[in-house]
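Each chain gets a letter, A, B and C, in the order it is written, and its residues are counted from 1.
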Amino acid sequence: MSSGPPDQIVPLNEANVVVGPDAPAEITVRPRSLIRIVLLENRAAMIGTIILVITTLIAIFAGVLAPHSPTEQIGPVYAPPSSKWWLGLDDGGVDMLSQMIYGARISMIVGFAGAAVAMIIGGGVGIISGYFGGRTDIALMRVTDYFLVIPDVPLMIVFAAVFGRSLLNIIIIIGIIYWTSTARLIRAQVKSVRERVYVKRAQSLGAGHNRLIWKHVMPQVVPLLVANTVLTIATAIFAETYIAFLGLSDPTKSSWGRLIQNSLTGGAIFHNAWWAVVPPGLAVTVVILACTMIGQALEDALNPRLKVGHLSVRRFRVRPFSARLDTR
Amino acid sequence: MRGADYVIKRSVFALVTVWVAVTLNFILFRLLPGNSVSGLRCQACTPQFKEALIKEYGLDKSKWQQYVTYLGNLLHGDLGYSQYNNIPVWDAIKEPILNTLPMVLTGTLISVVLGVFCGILAAWRRGTLTADKVNTWTALAFYAAPTQWLGILVIFYLAANLGLPVAGIRSPDLGILSTPSTWEVVSDRARHLILPALTLGIGLYGEYAIVVRSSMLETLGEDYVLTARAKGLANWEIIWKHGLRNAMLPLVTLLALSVGYIVAGAIVVEDVFSYPGIGLATIDAIDHRDYAVLQGIFLVLTIAVIFSNFVADLLYFKLDPRVTT
Amino acid sequence: MSRELLRVEDLHVWFELDGGGELHAVQGISFQLSEGERMGLVGESGCGKTTSILAMMGLLPPNASVSGKVILDGVDMLEKGEETVAPHRWHDIAMIFQGAMNAFNPVKTVGEQIAEPMLLHGTASGKSVASARVRELLELVGISGSRATRYPHEFSGGMRQRAAIAMALACQPKVLLADEPTTALDVMVQAQILELLVSLTRDLGLTMILVTHDLPVVAQVCDRAAVMYAGRIAEEGPTSTLYHDPRHPYTRMLFAATPDLYGDDAVISIPGAPPRLDRELAGCPFQPRCDSAFEPCPTKEPRERSFDGRHRASCHLNEVPTGATAV
């Protein structure tokens, strides 16, 4: 009898799963294959990944892709879209398309980095808390509870006022605000993994904490962590638009959030300049949706309870009775 | 009585959290550079005058002393003094709070109704294209969209078509020629709050729709639903008597816990629509560096959040007999 | 000799699968039950026994289709599907589900839930009549009547199972279907529940089908048993006959696989796994795991043969001309 986690690949294609009342109850997964399976099989997750990849590429190659400068005026204020500037110009006569392209860079950086900070803090706290239990757990959870009470908005304001409005600070503050939910989630998962038989067995065989955590606990936690991180990226990008709304983002860098704010303060409404309003918000929405698609698909796959609904409008069908009594 | 000790336990926790919040509030705002006096810009504000003010407000005492004074003031209902407006903080925020409440309540109502409806529909017709997939992803899209962007779009494309005002809380021509009747005032207020409330509602309903949908799906797969069907109950009877009560439990707690998001959304919406509520007061206070008002507002908001968490705890306890102290 | 109460004729159940294709979960089972009889439906997980009894009450999901007849007291309940079977639910035929722990809604009292079908079907004329009857039923299954106002989580596992039995009896059904009623309980409680089932069915004149994978349970409770494999009935007959004179290798191996408490024999298990039911099978479905398979088994489907005392089995071994009569 081995002491490692059972090595079953989850059959996600429902045709392979026994339909009906005798379905299996618990499935444990191998992390990397799960992620690959989900992304390939789930259509929404595939679309989401493509969108994220494209956006990241745009962000990386902004310098090459942007047709004009994202900071200099090249034409009249609120000039409508034309062949010269495809998305028109904003309230400073600056090319919208170029700002959008460079904005992708800022939003992606904030999204990934902010989520990374939240994941590292939250994941760390969650693992330590869930694994060691006892007093460490209680203490860490108290801290988490009190962090939850701190209102986000004043914290953003104070942080920006004290430490300045740089990109780095925005990333840090997003990490500080959003690590708590990750911590809770990971802690719950670590606790349940810890109770599983094979971990106890390995422990009784004398495996040290480090080994137990890395070899046995982590593989069961990583997929959940990844799913949660993807969703945190979405939250981080949304948070950036809020910080920009409060006027607390870096004024030298045109993020999508800042572009939305500019359209408000620059009076795009009065100029009927939809091209200054629609693109940045739409971009944020699409990217957040993409992250949600991926994160949701991963979380669904990790929840092995394929619950069949017992109620439906449609009913089971009756086939005509065929007298086949003598085929045996 | 079941749960008397639970109520007491939760109340104590709430009060302790309030105290922690108050302290954190105090610390946070003391971290800001300068103090509320240094930001003053007025003609008579010579350095000596500022020094006198500093003495008067006890800003030269130690931080600990200030803290104690602050706590004492709070217990008397004194939230401090707004330098910018020259009135006590409480007076400065009283009316904005009254303006915000109906708008936010309407917005929350819209989001809950939409969320519950879409969630139940999606769960009932799980897997179908329009009733589930389109429905759910639309809800998510609105939730993902920055609220201020939604507000601008509403102004752009809806306001004119619906003939609704997009700024302020009262029409400038109301009451000029004659004293308006109560009905006229109320309907004028209503017309001004509908667009911000709608924006708030649309922006937030997605979260409820998702939760209701998954909760409903979970409930529909429970054994007691199959048992109810075996007992001979019709579909609608099962949903009404067994399904809804169980499926709505997570929504109740979620609602109470969403106060933070609702507040954040209200701030945005009031700015976009220039609606003179607590949100706009916050923005103004930020712009004018009126830290006393900011501190007061956030204290009120934090207490509201803590209170709603407390209510959520109690509600869940009452609704779910499995929850024990 | 009591009259025939329930007759199932050539019952089939198919489930549509997501990627196209069908799972043929129940492949033409037939049996008869006389009034007052207790029959066991035995087999491994996935053999279709639970699906069969769910089909008898029409409790199938929308991706299922069904054919065959389920005749209760002369009426084919499954004739038009949901329409014709729904009126019989609980009133004529009731079920105790697998894992009765969860058969109760946690936010309502046990008494409310037992009374619910009574009020629905009109077997109790009002709330107070229903309450009295609920208390009666609870006492009948060995629970104090005052517990009717408690919530399910306040009951132990064994008590919940008893309450589920009480609930099943609420409308005085003619047939009781029990799906693994003792699986999740500990041994002492199991014995009590089984005794309760036996005495109740005897005293109330109920007819019962007990679904289980646990042979000792069948031996204790049931007069007859049907052994299911891969959606079909492999063998059916009086319980003792199945033990002493099995006519199908699967029956024999099943009984042999039951550990003998006092014996020193090694525990024999049946190697291999049941076949997938989403494709047509050639020959006898048990053949890959059978220890007596011979020449006709992989290609020819065995015919059903009858033996004395309402005993029948489908196996090529019975074709050898000694003591077997054709159908």
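Assume contacts are C-beta pairs under 8 Å (C-beta built on N, C-alpha and C of every residue); 3 or more make two chains touch, one makes a residue touch a chain.
Since the structure is predicted, the reported quantities are computational estimates derived from the model, not experimental observations.
Relative to subunit B, the chain whose mean Cα position lies farthest away is C.
With centres taken as mean C-alpha coordinates, the chain found closest to the middle of all protein C-alpha atoms is A.
Averaged C-alpha coordinates put the centre of subunit A at 25 Å from the centre of subunit B. Look at where the CA atoms of subunit B average out and do the same for subunit C: the two points lie 55 Å apart. Mean C-alpha position of subunit A lies 47 Å from that of subunit C. Residues of subunit B found to touch two or more other chains are 222, 226, 229.
Within subunit A, the positions touching two or more other chains are listed as 308-310, 312.
Within the complex formed with subunit A, the subunit C residues making contact are 10, 12, 14-15, 17-21, 23, 25, 28, 30, 45-46, 50-51, 54, 58, 60-69, 78-82, 98, 278, 301-304, 314, 327. Those residues of subunit C lying in contact with subunit B across their complex are 57, 59, 86-87, 89-91, 94-95, 97, 99, 102-108, 113, 116-117, 120-121, 151, 153, 167.
Of all residues in subunit A, those touching subunit C in their complex are 13-15, 18-22, 308-310, 312, 314-328.
Listing the residues of subunit B that touch subunit C in their complex gives 222-224, 226-233, 242, 245-246, 319-322. Chain contact summary for the complex, subunit B toward subunit A: residues 17, 20-21, 24-25, 28-29, 31-33, 124-126, 137, 140-141, 144-146, 148-150, 152-153, 155-156, 217-218, 220-222, 225-226, 229, 235, 238-239, 243, 260, 263-264, 267-268, 271-272, 282-283, 286-287, 294, 298, 301-302, 305-306.
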